[in-house]
Each structure stands twice: as structure tokens, then as C-alpha cells.
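Below are two complexes that have chain A in common, paired first with chain B and then with chain C.
This part shows the complex of A and B:
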């Protein structure tokens, strides 16, 4: 008997790995590859044509080569490698997310290859990497991060058990940015430690979703209860409201100290969305919005940079060459694009050596895409974001327990809401706030944070994953309103 | 020259078209997925036995739940808990709207949710643990 027990394999052994074909993913990736190759050819041909026209010479030969065929090839090759690795690993994860993200990343890569290459340069030893190559490098790193998370994360214990540790790390990151961060355009966003610099607010949004999912899933039933009454208001028990109020204070604090309107708006919107998903109570969302509007109004009265943003939004033509310059130029770009766009690469060239929209690679990629792909192209891009959100919500609907459901919903909503905020800002629907367009904008922090989110979503979508760990005891009991009614 | 411009136009439209073909293909996959999810026998939930000191019911066993599911030692219960610490009619699980509730039916040793004694109808989330006698269950989402 004892010999038999010893011979039995331990339960913590990894499950046997068996390759499993993923035909849907392969088919979709094939369409992505075709689209990007055609896009690259269209971009190359346009540049060839414009150059010939500018030189006043006759077009000698047809040139359909993409501007950076090797870069595009490397990107498509990396996608194929990730797909093959997924097939070999044989996990039953979602098959639509990777192609949708790959399409957005590819469109972003084409855009970065089309913009002036000296917009961003970075030298690594003797190499000098330029905008298109840097974006490619970050895309490859992001794909690696996504694949690693999707393959290796089998249990979510490390996320749910240490939620306060994660929250503390997030707050520490925020505090470090307050103290050591460097200012760009009056917003304190960038944190540099030695050679590494990044925007912590991008990482913070993932941490925030993890914390909120863990906190809300543990205290969901208590929050849905109405045991405290203040006049006509019925509120959940006060001790459980404290983190919520803290959240509101942090969002407004980010605005005050960092001047980072975009991150504040994103954090608060994600917070309200998750609160609604967890409790199903619309009154929380309405209450939160009223609080946010009240807070925003006070901030508008007190702070100059908030006033400037709102004034630019209300009337950018008041100062078209100064503070309203970007907004006005972006609106012109959308107007030039029309329905079908002017074609990749045919957008307005630089004016006297300057880009018409200076932050086109970070805050305004949508303006460039709107000009070159038109309304039809923009709607397709919004459709791609919608697909990512739909997949996230489907993963949430089939999740084993509340934590995984909230985490999946939160991770996809944070991407969707971020895309909405920056798109609406570019289109002058809401005041512009400087955040990135997920997967398309240039920038390592943004790409990596969104890759983390997608990797976790893929891991969560696995149907054969480890069952969730047992919930912890609720320590605080004896609520005043919980007596038996009989 | 004109041929080149024409080819350029075709390429531009083809690029936009391919993005839409991609979206169309994705939409088809999503629709198929939603249809199978809607068609599948809608199980309201499952009780999985997490721990059972006497092996009856066996650990790991799972029971699909009806909208009203009773637990106890008596043979008339939906889920029979053959445990000396369980009462004949121990507890009842009810599905109301979109939420599961558990209620004690006046048992001797009480019913526990995540280690807390139940008093009156208590909401249960998926993933929560339910203890009847010495047997512990976990409420899982139903298989589709």
C-alpha cells in the first residue's frame, strides 16, 4: 500500500501537454497578414508616386514595395510563431483575441512606418533605432509578454490572494511619480529609474483592475445590501464604502498633483463600470458620476490647466495658432479624410519641417488614421476594439467564479474605455486628455500594459484551468441591519 | 501612369475591404459562439463536493442544480448528504432572478457559507463554499 502511494504521481505535476489545432485563429491571422501586406503595398506605392511627382520626373517602374518590408515581415513572422506556440501548448484559450490585437498592432506599425522616422530616436550602443523600428521592437516584446502569460498562468491565486499588496505597490508607484517624476507638457507622467523610463499610469490601470476585481468579488453581497440610511439615501455598510471613497479621492488627486486628466478619467470610469458589474445597482453609477462632475467643477475653478483643456474643447478656434492648434489641425485632418480617406501615406506632409499635429504618434494617431483611411477605416478600427470588449465580456460570462468574471470584464473594459476616451477627445466630443490609443499609439509602457491585459484575458479564457481557490472567511460580521426578520 | 493610379486605388480599397472581411469573419465566429451558448441546456449552477470526511457524497462529485434544490440526510432531498452531522431536512438552495440563495431549514448544526453561520436567506456567489454537516460544497457556474 505504501509503495503504491509513493508510486502515484503528485497532484502538483503539470498536466500533460498535447498539441491542439486552432483553426479559427489561423484563418483570422491569415486575413490579418493579407490586410497588412496590402496596406504596406499601398503605403509603399503612394510614397513612390509622391516622390516621383515631387521630383517632376515620369514614373519609371511600378513600385509596390512597402517602405520597410523587413519590419513588416518580422511582425507577421512573430505572429505565426506565437500561433504555433499556442497550438503546441494546447491550451483551450480564446482564438479571436490574438488576431484582433494583431490587426490593431499592425495598423499602428504601418502608421509609425509612414510618419517621419526622426520623430523618436533612441540609440542602443552603435545602433540607432527610429520610430518604426522602435514600435516594432515594442510590439515584439508585447507579443512575447502576451504569449508568456497566456501559456504559463494556470492559477490566479497570486493575483487574488495578495490584492492589498498589489494595491500598495500601485499607490507606491503613484507616489514615486509624484516625487521623482519628470514633467512633459505640464503633466507629470514619466518616471525614470536609471536607463528605464516609463509611464506608471499605464501599469497602474492593470493593477487597479486586479485590486477592484478581488475586493468587489469578496465583498459583493455586502455592497449590494442597504443597511445604512442617511435621510432618503440607502447605502451599503459604511466600512465597506471607505475604499470606494478613497478611490474617488485618488482619481481626483491624480488630476491635482500630476495634472493627468486622462488617467484620472480612465481610472474612475473603470471603477464605476466594475462597481456596476459587481452589484448591478445603477444608483452607484449615477452617484459616482454626480460626485465626479462636482469634483471636476471644483477643479475647473481652481486649476489653470483644467480650464485650458475645457476652453480648447469648447472653442479651439479662439486661439487656432496657440493652445487650440492641435485640436484645430486634427479636425482639419478628419475633414480631409472624408469617407474613404486619402490613402495610406498620402496625408498632409510636414509644414515647414513640423508636423501639423505634433503628438500624432502618441495622442493623435486617430487623426492620422482618420485622414488616410477615412470614416470607413475609423469605423473598422472602432469595430476591432468592440471585438476585444465583446470577447472579454464573454470570457467573464463563462468564468468559474466572481473574481475571474470581474477580472475579465475589467481588463477588457479598461481597454475599451481608454480607446473611447482618447477617440472622443480627438474628435472633440469630450475635452482632450492625453492618454494613448491602445495597441496603436507609439510607446513601450502603453503596449506592454495592454499586452499584460490581453495575456491575462487569454489565460482566464482557458476552460480547463485550475479551479478557483476557496474563498476566505469574512472576518467582519454582525452588521446592524442583518438581524433575522422573522 | 494611369494604370499605376488605378492600381493604387484598388490597393487602398482592398486594404479597407480586408479589414472589413476580417471583422465579418470575427462576427461570424462570435455569432456561432453566442448561438451555441444560447442553445446549450441552461444549467443554473452546480454543486461540487470539496470535502467530505466520510466519503458520502464522494469528494469531487458534482450535482447540477434545479431552481429549488434541497439538501439533507433524507432520501427525498435533491442532494442527499449522508453525514451524521446533517439533519434530515437541512438546507434549501433557491435561484431567484439571477442570484442563488441558501436558507437553513431549522437544522440542528446549522448551515455555513464560507465558514459563517447562515441566518435567514443568504445570497451565494459562484465560487462560494457551503457547509452542511461536515460536507463542504462549492457553488460553480453550470456547464453549457
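This part shows the complex of A and C:
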């Protein structure tokens, strides 16, 4: 971690670390703990009741163990530890982000404990970890990552200075996935290196935000100019547009190469959002959308799996037992939930031993939550995402310079937009794309990537933080014939 | 609070310092504030501050999440009931396996369908009588549901709630029993009589109370053994045999059978003609008597008649033409009405779309609508043929019973209904009152057609055509029909009617597939059933 080494103050400058109480965070975490404990108790009671009923009336076996009360305890303990570390470190970082993220993570943990535990298993030596335990492990690692970043990142230099390095790393990651990746469900998403496997597109989204923030903050004014005119179109200087067009190509490339519609949509939406934040030009967004729709139409014509997704979206009931099965079952789950939900654990987990929604733990957690927590629960979850986005945008609006502003905006938007895309897909507002629901879905890559984003947001929110570095000397001074007016 | 720790300086700050030619100082103002100006590290000279853009982006995302909230509300509240009661919903299937469905009883409370538990504790349906099989349908673990069992599946399984608040408390008390039963207006005795009357023939009988729209009998033959479909042990073999049967026992003919109507459709033509003002009861056509012998040439197509020599030479009015079932008079009336008016008048009777009913119904129509002439007729020849029930016209027995009912009930059309009450202890239990659909024609016009239909049954000439429809001692009105099917087969035998003529209590439609002339097969069966009705319910 050369960046950390760089950021470490010299002994002469070492500030005295004074503990600083964080009452808002403590209070909110207490509420989160209460809510999760009530949820855990309710889940346990429901499962007990169902078991008794199943024993008496033989309603078919729900093949899962009772939720592990220790799991929730460990999670809440970890939250307390992180809070205490934040207090001791005395940095003036945001106090709302951690509780909001902790609540979503806790909901995800309860959900994973409640689903059939053999959905995902992994052997670590003699241990065999099952779904709930794995999710808990990843949550703990994510909390550690978040806390580490929030406390140790004291400079953004290592992010802004090496933007092309980051971009190159991202493209390399993509290329490696293409070459060495393994296919799941016809989508080449998983990259395995030795025992470690993950979905690079999750990490890629953080890298993308860092690169875009750095690039756009440097070239903001030029992009906002209108020096190129093509007919009625007024465009910025062409060379500055090139990276933008490249982004478009990469986004669609992700679809072509990996078959990953969700990631492509997410990348492109974040790109457009950041472009708008940087330039304030709505025409870019509209133009980008038109380009994306045009590209999507071509892909629709060319690729079977894209067609299938769109057709399922338009009419899942046409083939309710085949390709539309998952969509239809998810809608049934939402409908069963109604206003208040059937209660944690009381949803239909299996039909004759099969999950009604096979990808409930990754792509469709919202369907399970909508069934068990009802509309009220879904609205609360949407509200939590908006809280996270609001805190992130607040951090962006009060940032010291544009790189930090764009970085904070990008990190919070990437979370918000991802949540929107998958939620809208689940609710059949847009075609379903296989991305995770941030902080809730099962999956190490997803949890870690979002933990990175939250950690960086917390670091950026430090009101006692270092001012931004001086401007770097520009090696390339724009187009020939253009002189910067200084 | 404590003093801020001193701002640490970063290595790259060494020897360079913060103050540049255009920098404001070491702690620049946040970019989001309104008075933001270029700061070190920024090349965005001249561009607007990003703060406003951040706010706009945030608002856009909030709006996007508002759409999500609306979407969730759509599925979870507005569409929830519909989705949660779909037959392929796993919770419906699960409920069907363990829930004892509500009972279905006839108008006197005799059970028609009930549920018992088999030795494994799974619910199984039993049916009293094959005669109601096409009405009640079946509920089977293997083959799903049909008939009323399908139409009221959610209520019978207790999946619906009368009001949304009951649904909320239902979440708190998951054992709340909300299974509803069905009380039908059907009379099992009449239903059995109708099925027995049809015998081994294929056909349908609809009997209803014209003043309320309550269906008393809704028979369709051949029937089937619904209990055998509900029983898992025999379901597969039974279903296989039924599906292979060429007589289509699973087809509920009374509601879904589309039949060529023949002369019974003349009542529709009379209603359309009188209500549109195209004719009066005394309208005569001078060319009609001659055309009896030579046929009526319409658009090069010769419409023939000629089976009522008794009226030779006399120009007929509505009464006479109805009594002897004169094709020429009705063909001319159809042309007089015109295609567009004919179709729109018929739609007032329910033609052109499925009827609002407890069971799915097929639409009745005067034409297949593929022609380019007004109303969708191909030409006047098709229109003229439709006016006496040939051409492309097809009708359901239920629709024709309603047509008889309109004439019987002084021009009022009642919505047909079969379920008169949802029974049970939950909040969804309620009675279903008769519902007026619309007024189709005036009381005087209805009276004229009533008189014409009475003559067709009781008149000196009518009796020759409509053998046996009259109930001894009770004035009966009606119209027989002999629907030519093309080819060499026997025609479909039709009768529609009602009794008594003054203050009718029951309207009837009978169709016997390939039963021969209307007067020979359908009319006597109708007379027999009407007589049974008055035996059961008392003579007026």
C-alpha cells in the first residue's frame, strides 16, 4: 500500500489522536440493533411455529435450520467495535452512513439465515460454511474494509494521480474475465484465481467512478464548452469526447463479452450521471440515453439472451413455467406480501423442495423481502438507500474540490443506481438484469465493492481532513493552437 | 469541544506551499456553495459549480425511487388480489392441497360439491350429480379447476377477503378461516330433468327467471363424472377418456357452445326491427307472397321458404310471419333494418361480446364481421340470411334464453346470474342481488313480440310447427328453430320461449344437436320442462 505510506504523516507532524464521541451514530446504531433483534426474534418464532405445524399437519418439509442467534450477535458486536474504533480515532466522519449500511446488511443477514442454508456452501479446510455463515463472514470482512478505509485514507492523491493506471487495471480485469472467466447462467461473470473467485464487474464499478471523477474534474470546463458543431449539434472538442465514446463502447462491450446486462447498464448510467454532475449539460444525458437505446436495440436484434430478457419483461405470463417462471414467481411473492407482508420466515421458501425464485439470494432478494416485510418494508429499504445517497451527495456538495465532489457523488450514485436497476428489474419496471442489491444480496464481491465505496465516502466526509493537493502540472496543454488563459 | 488537531501536511506539500497565483488559500470553500470560485486542483474555469448539478442528480434519483415505490405498490396492493388468486400461484396450489373448499349448494340448499379429507389428510372434492358437471366443473390436484370451481377458486379456497382491512388482521391471525361457499340459483331437480330430457343427444338447456336473471337450469350433455376427476386415483384415466371423446363432454355447451340459431333468431330480428323503428307489428311486404313460390332474389342469391302453404297469397305481418316462421318476411325485415343497425340492436341484447356471467361465455354474433358491408356483413344476402338465423350467425343457448327473457320481462334485460350468495362466516360472505342490465325495447314492442310468440305456440297455424311446447292449461309463448348446418346431416333443433304469457315466471332455451326439426325435438322437451317447473313451483 504505497498510498498509505504516502499518506502517513511523519512523526514530526503526527497529530494527537483524541477520542471524539459520535452520539448520532451511536443512537442510530442502537435503533438498528433493536430492529434487527426484533427481526431475528420474529424470524425464530415463525420458524418454530412453522416447524410445529409441519410436524402436526405434514405441510411439507421446509429444509432449513433455525436461524443462528450467534450470527446476529457477532454482527451487532462487530458494528459496536467499528463504532468504538471510530470514536477512538476521533476523525470527524459522517455518522449516518454506517448505521444505514448496517441496517441493510443486517436485513440481508437475516434473509440469508432464513433461506435454505444449502443454497451456497463453501468448504474451508474441515469447516463447511453455509449461506448464512458465509454472508456473515463477508459482512465482517466488509465492515473491516470500510473501517480501515475510513480511518486510514487521509489523502486522495493515490486515487487521482493514477487514474489511467486504475482505468488500465479495470480493463485488464475485464480482459482477464473474458479469457479466464467461467460462465454462470450464460453470463461470463466469475473470475477465479486459485481458491479466490469473484465477480470483477463489482470492483470495476468502483474503479470506474474513480477514473471518471479524476478525468471529469480535470476536463470539466473543456467538456462544458461547445466548440464543435455538427449541424444543430453542439459538442465539446472532439478529443475530449473520445474517452466518453470509449466508455460507451466499453459498456456495450461488457454486454457483448460477458453477457452482463446489469453491469453495462449500471456503468453507463453512472457515467451519464457523473457527466451531468460535471458539466450540467442535460443534452449529454439525453444523447447518451439515445445512444444506449440504439445500441441496446442492435444487441436485442443480435443476441438471444437479450431478446429473452426483454420478452420476459414484456410478458412473463406468456411462458409462466419456462422462461418467465422466475419473473412470475417474484410477482406472486410481491403480491403475497401485500401491505404489511406475511412476516419474516413465513413466506413460501420452497415448493416441493425447490425455491420458487431460484436466484432469490442474489438477484431477487427484494422479492423475498417484499413478501415477508410487505410494501411497508420495501419502502423502508428504498428509504435507506436514499439516505445513503443523500449522505453521499451531501459529502459531495461540501467537498473541498471537484475531484472529491465527483468522487463522492459517483460513489453514492453507483450504490443508488445499482439498487434502482435491480429493484426496478425485480418489480418488472425494466427488463431484469442480473446485478446484486447492494449490501443485501449474497456475495463477497458485491459486499466488498460496496464496502470500498462506503469506506471512501466516510474518508471523504472527514471535516477535519487534509485540503486537496496542489494542482499537478499539466503535461499536455490542450489542443494545438489553444492557449490556456491564465 | 477539544481543539482541532493541526492539519497534517502531506509530503507533496513540502517546499511547494499552497499559495499559487490564483488560489484563494489553504482551505478553499466547498464546491457546493453558491459563491464557489475556482480552487487549486481545478481546471473548471468558467464552468458552472457542480453543487447545483449534484442537487439535480439527487432529485432525479429520488424521483426514480418514487417510481420504484409506485411499482411496489402496484404489485403489492393494486394487483395483489388478482395475482394471489391466479390458479398457478404456488400459494394457491399449496392452499388447494390442504384446504377444504367451500360447499356449493343449489337453490334449496342441496349440496352439489363438497370436500372431504382422504386418509393422507389431503383435501378431495366430491360431486353429487353428473348433471351439474358442466356448471360446477371440477377441482383436481392434477388437472386444476374448471367451471364454477375455477371461476370462484379464490373464494372457495378462502384466498380473498371482502375488505383490505380484513387482510391486514389476517396477517396477525393466520388461521382465520375465510373459506366461502357458493349458493346457486340452480334447481337440481330441473337440472336433472333437463339432462334426462336431452337423454343421449348432445345439446343444452337454459332455464332462467326473466324478472331476476337467476339461472334455474344450465344443462349440457353429455355430462361427465367430476368426482372421478377429483379423485387422484382415477383422475388421469378419466381425463384421458374424456379428452378422447368426440362428443366433447367437457365442453359446457350452454355457455360456450356456439350454434347456428335458425328461426329462433327471428325474435332478435323482430326486437331489432321494432326497437329501431324500421318496422311496426303491422308491416307487410307486397313482394312476400309471390316470393314464397319463386324465392326471394337478394344480390343474386335466392332465399327460399315455402313450407307454409296455408298462408298462400296473403301478405303477412309480424304476427303471421312469426306464427308460420316466414323466412321471406324476416329476410326483408333484415334488409329494412340494415346491417349496421341490426348489429347495434343485437349488441344491446348482449351479442358481440362474452356475456357478463359467473362462468366464461362465448360471444354470440350475427356475422363473422369479415365483410365490408355495414355491420360487417359481406352483402345483403348474408344480412337477409342472418335475419332468419342462417348465414354466419351463431349464438349460445344462454344468449337465446336471455332473448326470450327480454320479451318476457317487458323489454328489460337482466344480467344472468348463477351464484346468489357467498356463504360462510368470514367478511367476504354476502348475497348477490339481481342486477338489471339495461332496457332493450319498449313495453309495447315487447308486448307485440310476446303476442307473436304466443301465436307461434298456441295459434292454429303455429301449433302445426311447434308441436308440444304448450303447457296444458298455461298460456305459453315461444319460437322453434331448425338450424340448417349445411351438408346432409340432420339440422339442430331449437326452441326458445317462456310461460305464462302474462307475468312470465320462466324463460327457456333448448338446443338439441342434430335433433331434427325444432318442433319435433326441442319444442316438446321445452314444454315438458316448463310443465315440470309449474309442478315444482305451483301453477299460476
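Everything below uses one rule, namely that the second predicted complex is superposed on the first by the 450 of 486 C-alpha atoms of A that agree within 3 Å, B and C clash if a C-alpha of one lies under 4 Å from a C-alpha of the other, contacts with A are read in each partner's own complex, and residues count from 1 in each chain.
Just so it is clear, a contact is a pair of C-beta atoms (placed from the backbone, for glycine too) under 8 Å apart; a residue touches a chain by one contact, two chains touch by 3 or more.
Model, not experiment: these values are computed from the prediction.
Peer 1: Once chain A of both complexes is superposed, is A:385 in touch with chain B (first), chain C (second), both, or neither?
Peer 2: Only chain C is touched by A:385; chain B is not.
Peer 1: Mind working out whether A:39 is in touch with chain B, chain C, both or neither, as first, second, both or neither?
Peer 2: first
Peer 1: First (chain B), second (chain C), both or neither: which does A:413 touch?
Peer 2: The answer is second: A:413 touches chain C but not chain B.
Peer 1: May I ask you to decide whether A:400 touches chain B, chain C, both, or neither, giving the answer as first, second, both or neither?
Peer 2: Both partners, chain B and chain C.
Peer 1: Please work out whether A:202 is in contact with chain B alone, chain C alone, both, or neither, and reply first, second, both or neither.
Peer 2: Neither chain B nor chain C is touched by A:202.
Peer 1: Can A:100 be said to touch chain B (first), chain C (second), both, or neither?
Peer 2: A:100 sits against chain B, while chain C stays out of touch.
Peer 1: After lining up the shared chain so the two structures overlap, which partner does A:334 touch, if you call chain B first and chain C second: first, second, both or neither?
Peer 2: second
Peer 1: With both complexes overlaid on chain A, does A:429 touch chain B (first), chain C (second), both or neither?
Peer 2: second
Peer 1: In the overlay, answer first, second, both or neither for which of chain B and chain C A:260 touches.
Peer 2: neither
Peer 1: Could you tell me which stretches of chain A are touched by chain B in one complex and by chain C in the other?
Peer 2: Common interface on chain A, chain B vs chain C: 58-59, 217, 220-221, 224, 280, 340-341, 343, 374, 390, 397-403, 405, 467-468, 470-471, 474, 485-486.
Peer 1: What residues on chain B touch chain A, complex-wise?
Peer 2: It comes out as residues 1, 4-5, 7-8, 11-16, 18-23, 25-26, 29-30, 33-34, 37, 48, 50, 98, 114-116, 119-120, 122-123, 125-129, 138, 140-141, 144.
Peer 1: Given the complex with chain B, which residues does chain A contribute to the contact?
Peer 2: Contacts found on chain A: 24, 27-28, 31-32, 34-35, 38-39, 41-42, 45-46, 49, 58-59, 62, 64, 95-96, 99-100, 103, 217, 220-221, 224, 280, 340-341, 343-344, 373-374, 376-377, 380-381, 383-384, 387, 390-391, 394, 397-403, 405, 467-468, 470-474, 477, 482, 484-486.
Peer 1: Enumerate the contact residues on chain A facing chain C in the complex.
Peer 2: For this pair, the touching residues of chain A are 6-7, 9-10, 13-18, 20, 57-60, 90, 154-155, 157, 217-222, 224, 273, 276-280, 320-321, 328-329, 331-332, 334-343, 346, 348, 351, 356, 370, 374-375, 378-379, 382, 385-386, 389-390, 393, 396-403, 405-406, 409, 413, 416-417, 420, 423-424, 427-429, 464, 466-471, 474, 485-486.
Peer 1: Quick one: in the complex, what on chain C touches chain A?
Peer 2: Residue list for chain C touching chain A: 1-2, 4-13, 16, 18, 20-22, 26-28, 30-32, 39-48, 50-58, 60-62, 64-65, 67-69, 71-77, 79-84, 86, 88-91, 93-94, 98, 121, 164, 167-168, 171, 174.
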